[in-house]
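Order of writing sets the labels: A, B, C and D. Residues in every chain begin at 1.
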Amino acid sequence: MTKKNTTINVENKEQYKKRSMWAEVWRNYKKNPSAMIGLVIVVALVLIAVFARIYFDFDTDIVQQDVQNKFAHPNGEHWFGTDHYGRDVFTRVLYGASYSLIVGIISVSISCLLGSTLGVVAAYYGGIVENIIMRICDVFVGIPSILLGVAIMSAFGQSIAVLMWAIGLVYVPMFARIARAAVLPVRDQEYIEAARVIGVKDGAIMVKHILPNALSPIIVQTTMGVANAILTASNLSFLGLGIPVPAPEWGAMLSESRNYIRDHGYLTIFPGLAIMITVLAFNLMGDGLRDALDPKLKK
Amino acid sequence: MSEKDLVLDLKNLNVKFVTEDATVYAINGLNMELERGKAIGLVGETGAGKTTTALSLLRLVQSPPGVVECDKMEINGKDVLTMGIKDLESMRGKDISMIFQDPMTALNPVFTVGEQIAESVFLHENCTKEEANQRAIEMLELVGIPGERAGEYPHQFSGGMKQRVVIAIALACHPQLLIADEPTTALDVTIQAQVLDMMKNLREQYQTSLIMITHDLGIVAEICDEVAVMYAGTVVEKGTLEDVFNHTKHPYTEGLFNSLPNINDRKAKLTPIKGLMPDPSNLPEGCAFHPRCPYATEACKQPQHLRQISDTHYVVCDRYNEPDFHIEREEK
Amino acid sequence: MIRYIVKRILLLIPVILAVSFVVYFLMDLAPGDVVSMLAPQDATPEQIEQLKEELNLNGTLIERYGRYILDLLHGDLGDSYMQKRPVMELFAERFPATFKLALASQVVALLIALPLGITAARRRGTLIDGASMITAMIGVSMPSFWLALLLIILFSSKLGILPSGGDNGFASLIMPAIALGTSQAGSLTRITRSGMLDVLSSDYLRTARAKGVPEKTVIRKHALKNALIPIITIFGSNLGNALGGAVAIETVFSWPGVGRLTTTAVNQRDTILATGCIIMFTLFLNVTLLIVDIAYAFVDPRIKAQYSK
Amino acid sequence: MKRLFAVLMCLVLVFGMAACGGPSESGETENVVTIAVADEFTTFDPMETSAEANQIVQDLVFDMLTDTDLTKMENAGELLESWEMVSPTEWNFKLKEGIMFSDGTECNVDDVFFSFERGKEHSAASGYIAKMESWEKIDDYNFTIKLVGAGDVDFNYTFAANQLSVFSKEAFESMPEEDALKVGTGLYMFDEFVSGDHVTLVKNEKCTLYPQTNVDKLVFKMIPEAAARMIALENGEVDMIMSPDATDYERLRTTEGLQLLEVTGRTQHFICFNQKSPNEFITNPEFRKAVAYAIDKDEMILAAWDGNAVKSTSVQCRDVEFYVDLEGIPYDAAKAQAMFEELGAVGQTFKLVTSDAAHRVKIAENFQAQMAEYGITIECEFMQQAALMELCTSDGTTSGTEIIVMSWTPGKNGDYMYRNTTHSTGGRNYAQFNDPEIDALIDKAAGCEDKEERAALYKELQETLTYDIVGWIPIAQHQIYVGSNDRIEGVLLHPALVHSFKYVSVVE
């Protein structure tokens, strides 16, 4: 098949140099409608989370009960109905956004930072260091993540901080593997050797010369990781090991709704939809970023 | 002209690829005829549309985005244009078959080479699986690979060996017309010679007609009876070896010869054709070659016409309307 | 090949030891212990002492772990504190249910993913492709326990056509398998599609077509066998995910599997049972991955050649 | 691809065959009763467990010397014909004659003593055995027991513990333990146990202690989700469900063919204060009283049990011996507000811990919401039951707990509750009592042979604890429910969840 001819004239060349890699990525990203939908949803969720935190008062709007008015099905006053304490489900779902986002983003930041560092260090030093790090990763990858999460949550108690660490730690090996695989081909390149010869410190070489090569897969994995982390967090909350009540975490709301599925199905539907939309948005974003960062991979 | 025994008769082939961004005009009004038993070389730069032409003949141009239009396309006397998918499938591999450029990727990695040859035989010849396997082994031996290696997988073969396997597959059902798409480009020079030699012998043995797609004029000289020079999706000059090599008419053909190193005069400077192939989504008006042509005039921006120089020699260049026009190469 | 398998199995030993260490110590860190769960509410201090003796809970953490490891090296996972039965026996009793569920969910996932992924790849860029991929993405994004609840609301509560739980025959397997399989189907569809796309644009398919192989055969024989390679790779880790992800599903559907057994053990501080179950899970997961790698070799002759080196 | 699909379809079929093969072989005329339980049954051995989920099943296979008669709610002989307290330290017992084990041997004193000896080896039972100094056989049906220390005027209650079930000595001596554990005097025998799924009992034709019923098979099916149990009952998969959720009570009451059985539970739920806490508000009885005035228990009951609980006004449970109906500290928001302000408690923050059990969470959340109205902030922490137990029974000065939502299920006799939860040496002293006067009162009451004097002592105890000390604020005893269809009858509910299915029969 005939390829499109890419003649570059001189003026274009100038523009190309000035335009940074990120502008290029953004240009590619913008072209992808589903990725843009994902981005819009994520931005909207962040706004909702911030708005809910400012607008609603935790003690009165979220915790306060109105037992007389429980199980009001969705209506004009309570869009998503009320729960078994007569609390407004719509308010709680909005407020819950902040928990999912915070847990998702912070726990993935933990795994991303730890994992990428381990991966890059393993790849850079090689030999026994690499062996030890990667074998430890193998061990943790081998344990089903939910069960590991359950064990960690039991050991350190239920709180949002423990939850973030638990999920963060569970996904460290994945990031380590990705980072290592991405920088491995660079390790033996001559410019690294050259940097070492002129006395650049190991740390500097890793950060300046090696890490950038792993950036694309790590960014994609981070975005997708947020989606995964939110799912895992809601799963743990569902098992009663996540963020403690009365915090309106979506998974916990689902767990509470279990006894009422027969007559009050709406209690199950809305928090679940919220989880699904959030996770979907991050997945769409991750997918779009993958395509944007590496147009060659675009399928 | 009409009583010729033509194995290929192609009139006014147009292929375009329609995508969101642009429409790429890959083949523009291409004509080609080939007599039974003859070999024609299809020469041109990368991107001239040689492979697309070949795929069009097999009706394997991906659609979408490809759109194939043609006035007449007959292979071995059968009208390929109106054929149903079943007939097309029974035609491919039997009447016409093709050798692809890159032997490294042309073979399916999960089947043994024997299976891949036998599959073709089994599909087209009315025979049992055993007979097909037997034939596959014979074919392997024919292309110089020990028959016992039929049970091996492609990754166990070297590049040259793989190309032999590809050739074995293509020739397994003794097709009337064989298209070889740069069969030796991916191979070492020594292997190239072996493979070419083998192809020449086999072609003579089976009386197969051949379209040899290449950018290497040397190969054409060795194997072909006729030459068609392609530029920007159309044939600009066509004739016998003698016609095109010694009585070059078209400025582009001349450019091609000039960019070859001259063994007799090693001090002579190479004169490459200046500029690049035009963007096929945005072809120049008239003769597609005129922006690069040293002889170009204003008239070249008008649609060009086919001009018959002799019984066998054709050229598409309206400068020959001027009685005393000639190109430099002719003077020598 | 055999040497490769033996090597992989030997590599499992340190993994198992490390897993036992991590889980045992985590469980010990957890506040509360099994004694307070087991003792009657009016237990005397003597009873509590006796209970500790019975459960072999005396000594420091290191001593207890030491005893545990010694037993483990003899292939003995100990007796559950709560249930007073060998962990191995309990695991063996409950594992088939979980395995059946995990396998059934993979069947569901394949039944959804293969047609969807292949169609999407062949109709690449069209509306069908987009719709398939969005469907797949929604599948991945849906919490499986949520889908499980929705299925129960619809099929058990509203329609009353499927049993709401338990492991009683084929009908009871349908909903858990769908709930667990759908999220797996999502990733599998994507893998199938991209694998299929790689294959569809490959030269060897053109070769096959050029030699007159009918289009159906091209897809089903030449393309699928190659596209199967990434699908098989993901199958192993998917089965593992299904085993782990089954925990919530088992609770929702009263499924008598090991996921529920393990979480109950953790909640009740049944260290021995929890550690044992997680070890067995890990072992099973790794063996599955090994089997997948071997299956891989049978589909892809290039890999087979690598193993025998 | 076709082949792949064929393989997949085969797998589906195999699952189908494997799954359908099982249960269909049971005969047509058998009466099978299926009961959906919430918690997992784990062991056949009564001496290994004190979980109700096990006891409810074991109770049908084994019998004890005495048992709670659930129709009259009092202790009565089961294997015992009669007993006599010679003194608080010496008791005479007489077994019923002609009670047969399922292996055909008769139950006699040797079997009882064998069971005592076996009990020594098992921690769950050894506490009860330790109360006895010696036991002596008089003849095959009569024996005498000497108790340790000052003895126990309520000793007959001890024998109602499931952990002291009577085994067949003969069976244990002639077969492996796991088989011997299936031999009992009960109405049913163990048939099948699928871990995590169900346990099946079949009728013991040889049972003479209880009248034979028309139920051939009793299946206990484990369904942890309340909603799933309800759906199973409605769809006819089970005949009876334990602990339906509050939202389903109305439906069970009103639906044709279904019924709701209830009994007031003996479990008291309370809000407990750590009296050894460094927090001076918590250790101040006036503050604790103010909280007691502040709580609207009715609202709390509505939130936690949908109103299906009996409000508690005293620290003691209602159907325990020597219970006195006190008025307790009433709900008085104005008074509470005034007291809080006087104490300077408004604006303070207190810590509350409890387990993640649904009703406790609901009580805690409601408490939090109620206290917020007085300007007092409650920070809730939820932990797993095991963690909570350890925290609450450890030293109160360092445990860091302030307020705890807890519950407690006493035995039938008066002493049991006071000794375990309010005596300074009690094993479940959640409120961290350390009051020599209370200890002395408890000890005095326990050794008192005169019934009236005892009653007076327990009244004093109850009043002091409820009005003056307020170690905990009693909230409620919740109703215990069982849902069933009208195919079966004869279930006897137990206030501490060990319901009896001995008289269950299928309505003809």
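Assume contacts are C-beta pairs under 8 Å (C-beta built on N, C-alpha and C of every residue); 3 or more make two chains touch, one makes a residue touch a chain.
Source: prediction; values computed, not measured.
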Centroid check, CA-based, most central chain -> C
Which chain's C-alpha centroid is most distant from that of chain A? B
Of the chain pairs C-D and A-D, which one is connected by the greater count of C-beta contacts? C-D
Between chain C and chain D, tell me the centre distance in angstrom, where each centre is the average of that chain's C-alpha atoms. 37
Which integer distance in Å separates the CA centroid of chain A from that of chain D? 45
Which integer distance in Å separates the CA centroid of chain A from that of chain B? 53
In whole angstrom, the CA-centroid distance of chain B from chain D equals 89
Return the residues of chain C touching two or more other chains; collapse runs of consecutive numbers into ranges. 30-31, 152, 157, 251-252, 267
Give me the residue numbers in chain A that touch at least two other chains, ranges are fine. 154, 157, 258, 261-262
For chain B, residue numbers touching 2 or more other chains are none
Interfacial residue positions of chain C with respect to chain A in the complex: 14-15, 18-19, 22-23, 26-27, 29-31, 124, 130, 134, 137-138, 140-143, 145-146, 149-150, 152-153, 157, 193-194, 197, 240-241, 243-245, 247-248, 251-252, 259, 262-263, 266-267, 274, 277-278, 281-282, 285-286
Residues of chain D that touch chain A when the two form their complex: 225-227, 230-231, 245, 247-248, 299, 302-303, 356, 358, 361-362, 365-366, 368-369, 372, 377, 380-384, 387
Which positions of chain A touch chain C when the two form their complex? 34, 135-136, 138-140, 142-148, 150-152, 154-157, 227, 231, 234-235, 238-239, 251, 254, 257-258, 261-262, 265, 268-269, 272, 275-277, 279-280, 283-284, 287, 299
So, in the complex, the side of chain A touching chain D is made of residues 59-60, 63-65, 67, 71, 84-85, 154, 157-158, 240, 244-246, 258-264
Which residues of chain D touch chain C once you look at their complex with the stated criterion? 1-2, 4, 8, 11-12, 15-16, 18-20, 22-23, 40, 42-43, 45, 48-50, 122-124, 126-127, 130, 163, 194-198, 221-225, 227-228, 231-232, 234-235, 237, 383-391, 393, 408-409, 411, 416, 419-420, 427-428
